[in-house]
Amino acid sequence: MEKVIEVVEIKKAFGGNKVLEGVSFSAEAGKVLGIIGPNGSGKTTLINILSGVLTQDHGKVLFMGMDISHEKAYVRAKLGIGRTFQIPRAFPSLTVWENLQLAQLHSGKEVSIESVLKRVGLYELRGRYSDKLSLAQRKRLELARALMLKPKLLLLDEVFAGMNPASIWEVSEVIKGLKEEGLCIIMVEHVLSALMPLVDEIIVLADGRVIYWGDKYGAFKEEKVRRAYLGEKYSSFGV
Amino acid sequence: MEIIFQLLIDALLLAGYYALLSSGFSLMWGVSGIINLAYGSFVLVGAYLVYTFHLLEMSLFLAFPLTVALGLISGVVLQHLLINRLINYEPFTLLVLTFGFDMLLSNLLNFFFKADVRSLTLESLSGSLFVSHFIVPYNKLLVFLLSFLAILALQLYLKGTWTGKAIRAVSFDRVGAELCGINPGKIYTISTSLATALAMLSGGFYALLQGFTPFDSGGITLKAFFVCVVGGLGNVHGLLLGSLVLALSEVFSGFYLGEGWKVVISLVILVLFLLWKPQGVAGVKYA
Amino acid sequence: MLKLLSFIFVVGCLFPLFANPYWLRIASSALLLSSLSYAHNLLFYFLGYPAFGGIAFFGLGAYTFSFLYSKGFPLIPSLLLSMLIPSLSALILLPIMLRLKSHYFAISTLALQVMLMELVENIEFFGGTKGYALNLSHHANIIAYYLFLLALLGLFLFVILLERSVFGRTLKAIKEDETASLTLGINPMPYKLSMLLLMGMSLGFLGGAFSIWSAYIDASTVFNPTLSVKTFFVLILSLNSPIYGPFLWSLFFEMFFETLWSNFPQMHGILLGLGIMLLILAFPRGLKWKRS
Amino acid sequence: MGVIWGLLLALLSVAFSQDVIRFGAAVSLTGKFAKEGQLVKRGYELWKERVNASGGIKVGNKRYKVDIVYYDDQSDPLTSARLVEKLIIEDKINFILGPYGSAQVFSVAPIVEKYGALMVQAGGASSEIYKKGYKNIFGLYTVAPFYGRDLVELATKLDKDAKRIAIIYEKDIFSEDVASGALEHAKKKGLEVVLYEGYPKQVQDLSSLMQKIRLLKPDIVIGSGHFQDAVLTVKQLKQFGINPKFLGLTVGPALPAFVQALGEDAEGIFGPVQWSPALKYKDPVFGSTEEFVKLYRERFNSDPEYHVAGAVAAGVVFQKAIEDAGSLEVDKVRDALRKIKLETLFGVVGFDETGKIITKPMAIIQIQKGRHVTVYPFEEAKPIYPKPQWK
């Protein structure tokens, strides 16, 4: 399988505090890669670097074999990298439909708004202004917006956070469907119960370093992972 | 060659005054984040007050403290009547409010004092001190010393007293300060009234230094803004450094390029700093 | 929307035929103020940048026009150049736009405006402190009036189209959340660039028309910060009605303050300052008319 | 009986409802030019009172009283332009008596020309005003370059080896014009111009300039500006201990307020003037210069300045032109003004096609023991040279 995204020795620091200290990994089409780790381990920064919102201090990002390390965010979006935000950023003065219409115009891809809205379950709310939506609905809107780009790589930043179980199930189905269609999906997530069924591989980030990358079941056997995740005292708990 | 030293002396004297002139503006901006465009008019109100007191045969030793007292009171009034109403709206609305207030104040001054050029020329200060072939006008020297003392007093107050520490705490982190039981509202009022008092005090010195008209306020506010942007907010080194840069640029461009270029050169420096180093040379807080 | 536009067009064209010079002057200054507001709104309402110092390009247009016209250039080419030069120089704002937000952006553009004023006064080549006295024909006032009317109608139509178009919605997306719009494939640069050029161009044109209207211009009149505050005063009040607001508020503003000026010129400055304070205190978020 | 009453009433009404010619003037009553502006207004008022006392202006067989509407332009050119526009379109006045200050005249002229009104001004001397091809603008001041030229002429006459000259000027179209006249003449006379520099109008502190002058040690200092500039220049020259042998300042020295402001320090300073009370001319309204000066001294117990005399002359010239034209129509009065050749207390008044006065020379006064004395072109008293040191 050809690698959709490859990340080589990514380093990033804000002022003195180093957030990412040499992160490397890759992911293929049709695979879901989960990224977990305690707060402040650099997960969201990593997503921002992959999507071009931030630029790394050091290291390379390859997408479908092309080096996009220094491409701007809107160029990466056009290439087919869609993303959602930890705190949803819908455009308040535009309706749901207008949000997607904007994405359709600028992505230049032939994707029908109606089908995407139906897929994420927002079709009935298409005329509503996005600041009138609930948190979960706004997350679906962001997912829909990303799908308008006909993405090959989808970056989901804690899409399940704050969602009720029913929506979690629905969105999981959508993600499964996308996976079958051959999308490569990277999910940063804390809701492990929802994440585990979806992912093929897991990366555990701690203090800006990858301390585990591999099959999802092996992750929690690792002593380092438990200590990083559950803290010193409880690391041996429930072994 | 000694003209360079002469210019440096002039710049130093001017820098001392500019530090006091912009201290109020910097305090208000640093603590409550308000850019007070009416600051220049408060300086002029101070100048006209001292001028009027002097006309009424009042000795300056009484005129200045009275002006400072009036400054403290008007600061409290300004904060409660006007600023507090818009404090939680877009900061831009405060900009428009203070600009309208500046227009009101300068036109009121024009209404009462007419647009004639006034100045406070004291016989004792009109001469100059000749040190070998360097010249130090008495009025500039006196204003330099008094400004220095005033800034020292301000520093002692901010560093020494409890309220002073509270003001500095609020200026660094409002939320943090609030968590330790400091009521930011009260601190804003104190800092605004302190700022207007400093403005009026420096207005009195302005009258000693040169002639003034009701419509000089724009130029004064711009100088204070320059010092805060270039020097940076949040500490006295920024204030002193910013004033020195302003004084040096004015004195040297005035001498080598001509009087007209003083303001232009300082504005060019200001815009460059706004572009590349908005937090200023020694500033700790983001401007 | 278009009903109001055609109404303004008809009334506007016929107005000078039976208005005496006094009312013609009030109408002209109202048209000028509303056009200035619409021009500034291209950046303020559509992109969220309060170009407090936008009047710098108005002044630049006035100086370009007067400089060329007094050198013998005919009216139309001078007017065209007085659109071109300010719109190109508006690009100076681009680097500032990229780094500074909201009221810091406002202050730095104001500093730019005052700098331009001082610069123009210091360089003899631009007429120095003399400024320009243009000898114009008797019906210069009428020409200026129609130029202002043309500017208003043009900008008014443009704003209406912009508000409805996808281009307009993209601008608002960039204004509301530039990062999010980036991830949709929107490159904000060409949008900011085009709005800057448009604002510079329309302000330059208004500067040229102002020179014809006032016949005498000097640095402190056409770079006057009071003009910036009057414009933003109108914009703040029309925050919630970008289509009608600027036009109607300008009409009210000029009507009120112009008659005020002629009856008691002394009190004009005092009441203008007081008026600005009272209105901003009363409507900090602008008057709520209609969610247009 | 009824008939006589009717006649009497008719006669009375004619006398009282006598027609009025309204003139308009936007003058600087406050601001930087307040001193000079108030004197110009005083000149207009003196002319008005005298004309109305002697029955008013005769147009054809009717007599018109004179009324003047004043506005204060606060020494700002734009306000001046707007106020004159207000005079023309709101107050419907077509005869404009000029404002004080060349910048104000420069800003008002296009407005007067645009609305087809008519202006006679005795307040702006800059030659720029007459380069615009205006038809309805007439000025009684000899143009500014003569101020500078005569000062340099006098300086070189008094002292052959005074070679180093410094010229500083307020950046204003009058002061720059004077400075250029002085510069041109200084070069012609082979003087070494060590400094030629302007300063912005609103500046109140010239220390940078003073440092330069102190360094250059010129023999002759020419300061071109208005009243405030002259006072500021003297104060700062003294503060910086600069003692030029010849000090010439425009506008300031001619005003008594100059001596009041500076006292001792005003001694020996030269000032170019448009007119001096020592001149001898006849006048159609005041009889002669002496009679005017006597009347002025009795009323204001001080010598009249050239600003007052010029303003009075402006009124007299306007009046004569209206009487010559025998009508109130602007075009007819303008043609009468163009052809006028009138000896007034201010001097012989005659205009060229641009409206500039060409028939009146300048004079220079010096402050001696608190009074100004004409020392050029004729010597009312010996000029003191070099200037006494600052006390």
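In this document, chain identifiers A, B, C and D correspond to the written order of the chains, with residue numbering beginning at 1 in each.
Everything below uses one rule, namely that a contact is a pair of C-beta atoms (placed from the backbone, for glycine too) under 8 Å apart; a residue touches a chain by one contact, two chains touch by 3 or more.
What you see is a predicted model, and the numbers here were worked out from it, not measured in a lab.
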Count the C-beta contact pairs for B-C and for B-D, then tell me which is higher. B-C
In whole angstrom, what separates the CA-based centres of chain B and chain C? 32
Find the geometric centre of each of chain A and chain B from their Cα atoms only, then give the gap between the two centres in Å, rounded to an integer. 52
Chain centres from averaged Cα atoms put chain B and chain D apart, in whole Å, by 40
Distance between chain A and chain C based on Cα centroids, please, to the nearest Å. 45
Residues of chain A that touch two or more other chains: which are they? none
Please set out, as single numbers or ranges, the residues of chain C touching at least two other chains. 121-122, 266
Which residues does chain B have that touch at least 2 chains other than itself? 110, 258, 260
Are the chains arranged, by touching, as a line, ring, star, complete graph, or other? other
What residues of chain B sit close enough to touch chain C in their complex? 35, 82, 85-86, 89-93, 95-97, 99-108, 110-111, 218, 222, 225, 258, 260-261, 263-264, 267-268, 270-271, 274-275, 278, 287
Complex interface listing, chain C residues touching chain A: 166, 169-170, 172-173, 176-177, 179-187
Would you tell me which residues of chain C are touching chain B in their complex? 50, 52, 95-96, 99-100, 102-104, 106-108, 111-112, 114-115, 118-119, 121-122, 225-226, 229, 232-233, 236, 266-270, 272-277, 280-281, 284-285
Within the complex, which stretch of chain B touches chain D? 3, 6-7, 10, 110, 114-117, 119, 121, 126-128, 130, 135, 137, 209-213, 216, 251, 254-255, 258-260, 262
Any idea which chain D residues touch chain B in the complex? 30-32, 34, 74-75, 171, 197-200, 202-209, 211-212, 214-215, 228, 232, 235, 238-241
